[in-house]
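Data block below; observations after.
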């Protein structure tokens, strides 16, 4: 299913979307596959499929450690792309958004990289270190490959930039509610909600809110504020990292969390008047 | 400086959080730098606090050894012991102009962290310095200095605990506080406008060289040699000569132990273009684009990337790149100590080693300026240990 | 300079073995110093090697703290980190003029030993440095530097193993080799003509101050403050102002732990005139004339005698003497680090401590030049240990 | 007996003079007295009576240690002067030459100091760190007190200075044969003998050669070369310092040495033709 249809389907159902973010290959490929299956089976609508990078400067300590482990265990971009194929082979139909840092596609060749993930079954790509100013290649090649480059919006984004971004964006907008990097946060500041509201004024495009979301309540809040859904990533890694020898044993806890966050996305939508 | 591109290098590959701040920074730099008030404040600090102009010293004994006429541009005499303060003072003044109260930065050899703390105190700004845990150990004395100045030293224990990791973490930290805090980038790396800002502040070196050498030799130098990783001291020296096509520019990077993988910092020899810390640079990486850690005994050269501008200069063959191995570098320290009574920083000793190793490249009548970027006090323990053990 | 007497101080109280050498030295100095060739060589080295002129820095933050207008004369920026090189280069050139091939000297903080080794290498002279065993331990990093430069470091383990003993042993050694070897006296002490020679070479400091302050303030300074033991940095700064009676001269010596016997280096406070190391000086001694060891945490002030000229100036009340205690000195280091981002040598910190402790002595509109004689890198361990333990 | 008479007496006997140099008070006063008695009884003609100083820059390691011990044990200039009196009380009649550094008389007052040692029974004073240039006070006060200031001559002494020194000297001249400080030396260089010959050309005044003499042979050589006698100091200290707990046990060895050196002084004289 493509992104557009997914968002339409959820809107019809009256639900917010949940997009969990998983870096592929931590602690090993088999677990990542099982984890993604579990997430999808229990509430995930869209998959943010991370390709680990050595220097993930937009990521907090949890995902830094995740990337480090995945790379140490030999994960490569090509094997990640194979992983996307495997998900599709398993019959998972949800939209897949690849996340990685720009050096990965840059070194492979942006067009080649986008073609490959497209072939494997992905619909979009998030490259946190490519702002609009540097997005020409990604936009042009994305168009040719049929991959949406997803852009982010931050509290620091000016009105002028917001316009620029919404003008070129497709798929959805990634709203970073906090000034900072990925990672679990105790409470979600008003800033996130305000930013969602601010962006909403500019565009009807789907908005996914991320960074710092780890609870049902937080998910509900961003959806209530107008986001089309909530992204959570480190929150899941924090669960399975507690037992890296047998991460499968943590899947029940992860199941519970994804159910709850999805529930938050649903309730937040319902609470809108 | 509109786009910050140097051939295929450069750019602004950062999170959206930081983009508006970079735009603001560029505007502030363009607005303030050229004003007489800013120039006056900067030049007064450079002269009275930092000790500029630094001398251009005709090193007769060393010249004899190499077989040409070598001048040392004495950045080791800058307050704090290296060229780093030129840039730190400039950016600290800019921070004040922007109305920010804090500065964060990262440091490897500690020289830049020290320079930032100094500039911070002079300008009344709070300073926080991120430093890899491994570098904290290796550069203990600079850590002490930074702390004595009252700056906060934040250990970075991700990755290998070295400069690359400290830069990453400073960038992360910056995304949380960029509206109140300036990231004082220490070399000509990072996203635009940093490479431009740093090179501009450092180009005082080259401007002085030009004046001084013309006075002494009545001509431009034939060659300028400088060490570097990010490239700030080299570009500082090179910039006013880039258009003077007859002036050879030689850039010397850290060869490390050997050119085998993971044992070197020689990104021009064994790296390729890639995107790291906000820009396309020549960078050490594996075939998949994962950045590789660099290795060299000179903490200040221990960075896997070459800044955009020096990458562009080498790519276009305007500058030549060379390297020196660790053991050659230690010997070069001794050569300089014995011939001229000067103990160079291990970084600087790379440029010295290059000349010692490539005497054939230098004609008898050639006038060479070696940018003597720093003094070796910070490396004394390492140097003595090397000679006691070898 | 015919007799080398300053009131009751000075003279040539040495063995007959050395007298002819001193006469030769005086003649050589008088012959060569004033020649344009010598001046040219010296000035070139001072400018291009040592980094002169050093800046006169208006320390605004520190000024605010004291409540007057303080300029720092930045001798810390001289190559090697202190004023010592001014004199070492001069005497090394003189050694060459005299046709001698070797230099010996003694050192306490290691600054002078280092300066001598540097000057030796630049001028192609062999160097041997005598150093008390206790100072060798306390100033380990400078010992390493001196050795790296290829100079011989000879430990002195007589007496307390400190500067006084090293001077004695260097004098002894000199009597065995004075015809081929120059004793490069490091401060304005010893028999005539040393105090005169050293003060002359150091007076470049005061000459620069005069020019610089007139340019900045359009008048002479009201006060000059300098630390010292032998007095070379102080006299270097004072000399061109001695005849300017309106310029207050303040000399700060090492108070040590307390003014009780054996715990201090404050010869003006608790010493009296006596004959040591070739001259009548103000010197710490017991009632029988036995010289007492001095004590202060600043190795460079740890000498029981005040040189003849500074003794004379204080005796005639042309200069005022003050002192600072060790704990005050460490606090002064921190004050300077925090206000101006500079870490002073412990010696220099005495002058700073004096100003901090005697704010009342300085008027709001007073222009004070503090002769900032050296940087604190050599003392970093000691300083950090003090703050960690206290 | 005064110096003049002593030198005349020895000349008449056809002997060179021996002057041992002892710093008083090492390791304690009683021993110094016994040592001096022993030396006089076994060959010493003149006593060089050292008053310890804290910074004896003209002395080598042996005498430095000697001074340090004597001072640590509480020796003072006044007690030294008392010591001279004690020697006289014991009936020792040999000329006594006090040696010390200038700060000792300077601090007490030069005149007072000279008067005191004169009263105690000394005839002359050696102050190694007072060259002719600084000797005015010593000369003037010495004359008044009746104490000869003894001057030294070194290998570096120019002809011009030699003349200056011989012009003002009285008592005897102290010829330092080596460039260096006090202390035992294996062999006496030609320099000592040459210097003695050089000085002898300028003056008929008694010449005592010192620095580095520790054997009969060396003593004989300097006397043969024209010196009126030989000085030895560190050589004796090197014997008793071997047993500082019971230095008296070393007196027999010291007796042997002083006999030999005196013998050398005699033989050197006889060998002159």
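Each chain gets a letter, A, B, C and D, in the order it is written, and its residues are counted from 1.
Heads up, the rule we're going with is that a contact is a pair of C-beta atoms (placed from the backbone, for glycine too) under 8 Å apart; a residue touches a chain by one contact, two chains touch by 3 or more.
Please read all numbers here as calculations on a predicted model, not as lab measurements.
Remark: chain C and chain D have CA centroids separated by 38 Å (rounded to whole angstrom). Computed centre separation for the pair chain A/chain C is 67 angstrom, with centres defined by C-alpha atoms.
If each chain is reduced to the centroid of its CA atoms, chain A and chain D end up 98 Å from each other. If you draw each protein chain as a dot and join the dots that touch, you get a simple line with two loose ends. By the document's touch criterion, interfaces exist between A-B, B-C, C-D.
Chain A meets chain B in the complex at residues 53-61, 64, 68, 71, 76-78, 101-104, 106-108, 128-134, 151-158, 161, 165, 176, 178-181. Those residues of chain B whose C-beta lies close enough to touch chain A in the complex are 11-21, 158-159, 164, 168, 171-172, 175-179, 272-278, 280, 285, 287-292.
For chain B in complex with chain C, the touching residues are 47-49, 51, 54-58, 61, 74, 76-77, 79, 117-122, 124, 141, 144-145, 148-150, 333-334, 337-343, 377, 380, 383-384, 387.
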